[in-house]
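Consider the two complexes below, in which subunit A is the common component and subunit B and subunit C are the respective partners.
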Partner chain A sequence: MTAWRQKNESYKRKTALRNTAVIIGYTALLILSLLVSMNTGYTRLSPLDTLRTLFGGGNDKEKLILFDFRLPRIVVSMLAGAGLALSGCIIQGVSKNALADPGLLGINAGAGLMVLLYVLFFGAQSFLSIFTLPFLAFFGAGTAAVIIYALAVKKGQGAAPMRLILTGVAVQAGISALTTVLIIKLDDDQYDFVVAWSAGSIWGSNWKFVLALLPWLLLLLPYVLTKARVLDVLNLGDETARGLGASVEKEQRKLLAVSVALAASSVAVSGSISFVGLIAPHLACRLVGPRHSILLPACALTGAVIVSAADTVARVIVQPSEIPTGIMVAVLGAPYFLYLLAKSRR
Partner chain B sequence: MIQGTKPAVLVQKSAPQQRRIKKNIRGWTAWLILIAGSGALLLLMAFSVAKGAAEIPMQTVWEALTRFDKDNMHHLIIVDLRIPRVLASALVGAALAVAGAIMQGTTRNPMADSGLMGLNAGAGVALSVCFAFFPGVSYLQTVLFSFLGAALGAALVNGIAALRRGGATPMRLVLAGAAVSSLLAALSQGIAIYFEVARDIMFWTAGGVAGSSWEQLRVIAPWALCGLLGAFLLSRQVSLLSLGEDVAKGLGLNTTAVGLLCSLVVLVLAGESVSVVGAVGFVGLMVPHLARYLVGVDYRWIIPSSAVLGALLMVLADLGARMLNPPFETPIGALIALAGVPFFLYLSRRQRRMH
Partner chain C sequence: MNSIATESLAVAYEDNLVVSDLDLAIPQGKITAIIGPNGCGKSTVLKAVGRILKPKSGMVYLNGNDIQNLSTKEVAQKMAVLPQSPHAPAGLTVGELVAYGRFPHQRGFGRLTPDDRKVVAWALEVTRLSELETIAVDNLSGGQRQRVWIAMALAQQTDLILLDEPTTYLDLAYQLEVLELLYRLNREQGCTIAMVLHDLNLAARFADYMIAIQGGDIICHGSPEEVMTADVLQKTFQIDAQIARDPRTGKPACLSYDLIKPHYEKSGGK
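So, the complex of A and B:
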């Protein structure tokens, strides 16, 4: 008995140590990515210049580049990454499907259709687009999610995971089909804009977007953390969760709503980067294990690191033009994910 | 005495249980679907040959087949354009549906289709490379190129999933497939955007079976037929795998070998389809669910029924693509998804053994 207890204690200590190491490691990576990202871009700023500008020195041009162009973009990419990763983690927990991502709730498809419709009617170069597009994207994403939930829910059963998945896949396919039909009608400029959007180019990069995105994360992250235990219980299966006293339907509804809000607000400013929501939870889970109280923060950090690193690379790899961040996210994230997959024993 | 009674108790199933098992394997429905479906398919194909931008009476269709006159415009349209096109769509529909059924059965994931094997994404990369670097290649070469790409994608997925000792478990396959697909899709998107060929690729994939020729059919038909035959032969093993890998192993199935064979069949079936019509994802996803809804959980019935239903759906969709807005073509993938979604939603709400 004592031997077992000792073993258990040492196991607990080890896990705690590992988790702390992972969190610290990720935070360090995040800071590193921030520093590297501030120093890279089309206009060269030396690290010394950057530092001086950061602490009030520097000329107007340096200030403009750092504070008005680079920093907001870095912050937006981090916030969007964290939001999408969290959203993916919640959806995978609720649907109990390893392949689920925010796209499953129609977030990307809905937002994409709205962006497409807007571009179709008002053109890609419209002056208003920088203000109206995020709202429209958010609206489209939210509407798609509500439609999917309404179709999947059944009286007395809630949205059973299987039905939620199938409905999500179907509605998503329908919206994508509409998109395909409409996309043929676009001219070259409009087409390029829509393609870049759906490949995930972080285009909403000024402080207004940071302010629009930050409250969602600040409000919802603590809330999700209080629900960590509920997510753990839901993972055991609906029947077991009910047996353990969780009101499955209600919790499911709340968690899905949070997840939609996180993903929709992120997608609205970052374009369609759904891959983060798929892999960040898996990466985090392989590093810190399946308990949501530690998994959720680890997941948010993973997402932030991946997207900000990818964004940095995307900005510099083919200068002076840039490739959409979403593409870089997949190019960087997928090999890392595959490496972990090949390495892990589970 | 105890030993004598115990197995009897274990073996004997209660009456409702037996009824449920019988209900889940609906052989008669399956035969009905296979026979009626094949009949409907033939009729529809004949109808589809006669319809299109140029209306051609049935009489002329028959004449074109029996007394071909190479100076008659209608005869040429029928023999050189419409018949290969209809045959190609039937083959592709059957192949995609069967590939989807095998994927869903072996991975036990209702979201699985052949896209998960990295096939669509691989073909996509090959296409964008083809359009970006070799703009002048012929139609048939493009098809071959995308088949190679599809094979490469599938090889990557299977290779990575099998890296770890213990081989490729379904879960590992699914995850590797999702990651590799995203990676390849990102690469092809990147190439398409950088070399500004995104629009050409879109028109190619939206074109569906429009450019089918006898030459192309001669290349893909043997592969597709072999793949379908292989799928029918493997259907019993797929049924076992769909019970879960542990159960299948316990029942004496060599899961690694069967998994490998299944992957091969899916590659052949979906690879040639994707290279002909592009990523028409919804057929492979929806038709197996529909078949399972109709004939129960036994893959010996699901796979043939999927083949017939898939062919039927694809021929119908191709007809619709031609008829909706002549002489323009509506993208066939979009048409299938738009028509299929409400139906699929209805099925998933009814949920009588969909998975």
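So, the complex of A and C:
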């Protein structure tokens, strides 16, 4: 065996090992975040109490706090983080733009407008069913995304990345303006709710919200994984992708729809959390490289860790009140992002 | 062996008709070089032939079938197309990029089968990249990078390869390296190669068949001896060329040339 052959073999082994280590490391972080998060909050539960309650012991109060308040919230934060991160990863792949995130496709703005309209007509307290909200958010986000895509697409050439971003910014500004106008019509309760939602407070803290979000992820995640190869090839540019036999425009549309669905269902239960969709793919890509078969799972885990960790911090940093998780994510995420930009300037 | 030809092909960008009525055939098993001045439509023709661009009217035939009726995946199993200066994502290794060439042969989750791996190893070997398999593509020199893209096209296992200016941005030695690789693929593997080339002398040196295009029309096609004449080059490039025989290769070469009339008079005072 020649020297370079050995070198290549050892590199491949190391890569496989690294990828496994990243996935295991993230899972460990996720469990750690879960444990810490269960222990922290307005009412202190010691780690021992938590464990005892978790395994069937504990008094009613402890059970109530853990199973009815904390766990569902932690699970929602993890699921929403994973959904938003995946959505961002897909959008960055499809638009070939490292600065793209779900907000770019008008998802947050479109979903926000629908949430607002819902609150306006049915009131903040009278949710008919939390299960309708993801659909409404998807409808709003989808409409915004379709408008942006239709304006960005050039006949026979697909959506040019730059046009996608520019139309995204414009349409978002329009929707935000409309949202602001509508906010004036809200009463105090409704106003509080909408403001909290758009700051990304994870307001859905019971199991219903988990049930409203989980099926979307369970359905879409396997589908996205089958599209890993397509995302890889789309990343090479439209012409190269077409040369390799990818139906570029069809795949772009399918993937964007999935991305909108993932982000909209997440945002519907978690509130408007930005930055995860932008940062998680960057972080994951630095760890495992640009191949989507490993990047997508790593990205979902990164998102779950970021949002659940941010949510824990958000709940304890200014006790007894709390900071909206979305704000916390931005506070943690913005400096990292600036660091990335400064680094890439070199 | 796969063949490709066009019949009264018309291609337009938006409403701007670049090619209006083109009949062209790429000879099988040969190296074809498409030459012509900037904006003459040579890249456009190549893209239309490679179904990267949809023609406005007319036909592109792959093995006698209308290419528009074939799925893009089917086409990719028979013909590889490399655009001008393609871009690889940061951090992707040579081996990983070349493995993307297996795309049209994969389904579902698309893990590489042992057969896929064999083809990738072969493509790396033919392009003399085996040693660089685990190096990131962005760390390579321009010539090596172009070889990686050609290796990716080879991994598609097609005997028809289209390339749009594979030597752009490369210095003299790298240009030769890439063209010699393509020459070897043609002679040893029997690949049909069609490419757009800027450098006339390199085109004449490596191509078996040349097509000179001007204003979306074929001015002349045939062997380098037939196309590299003062008369054809005058019609194609508006130059007064002096053609000699390259003492090393025996192929025709443009020794020197002058403008027949200044470009600005022709193109309307630009």
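Keep this in mind: the second predicted complex is superposed on the first by the 289 of 346 C-alpha atoms of A that agree within 3 Å, B and C clash if a C-alpha of one lies under 4 Å from a C-alpha of the other, contacts with A are read in each partner's own complex, and residues count from 1 in each chain.
The criterion applied here is as follows: contacts are C-beta pairs under 8 Å (C-beta built on N, C-alpha and C of every residue); 3 or more make two chains touch, one makes a residue touch a chain.
The structure displayed is predicted, hence computed values, not measured ones.
With both structures placed on the common chain, the touch criterion links A:I165 to subunit B but leaves subunit C unconnected. In the overlay built on the shared chain, the residue A:P324 is in contact with subunit B alone; subunit C does not reach it. In the superposition on chain A, A:L225 makes contact with subunit C only, not with subunit B. Within the superposed three-chain model, A:I279 lies in touch with subunit B and out of touch with subunit C [touch as defined at top].
Within the superposed three-chain model, A:V195 lies in touch with subunit B and out of touch with subunit C [touch as defined at top]. More subunit A residues lie in contact with B than with the other chain of the pair subunit B and subunit C. In the overlay built on the shared chain, the residue A:L338 is in contact with subunit B alone; subunit C does not reach it.
The touching residues of subunit B, counted against subunit A in their complex, run 109-111, 160-161, 163-164, 171-172, 174-176, 178-180, 182-183, 185-187, 189-190, 192-194, 198-199, 202-203, 206, 281-282, 285-286, 289, 330-331, 333-338, 340-342, 344-345, 348-349, 351, 354-355. Residues 97-99, 151-152, 154, 162-163, 165-167, 169-171, 173-174, 176-178, 180-181, 183-184, 188, 191-192, 195-196, 199, 275, 278-279, 282, 318, 323-324, 326-331, 333-335, 337-338, 341-345 of subunit A are the ones touching subunit B in the complex.
Interface of subunit C with subunit A (complex): residues 14, 47, 50-54, 71-77, 80-83, 86-92, 95-96, 100-101, 103-104, 106, 108-111, 130-131, 133-134, 153, 156.
Listed in rising order, the residues of subunit A touching subunit C in the complex are 4-5, 7-8, 11-12, 155-156, 225-226, 228-229, 232-233, 235-237, 239-240, 242-247, 285, 289-291, 293.
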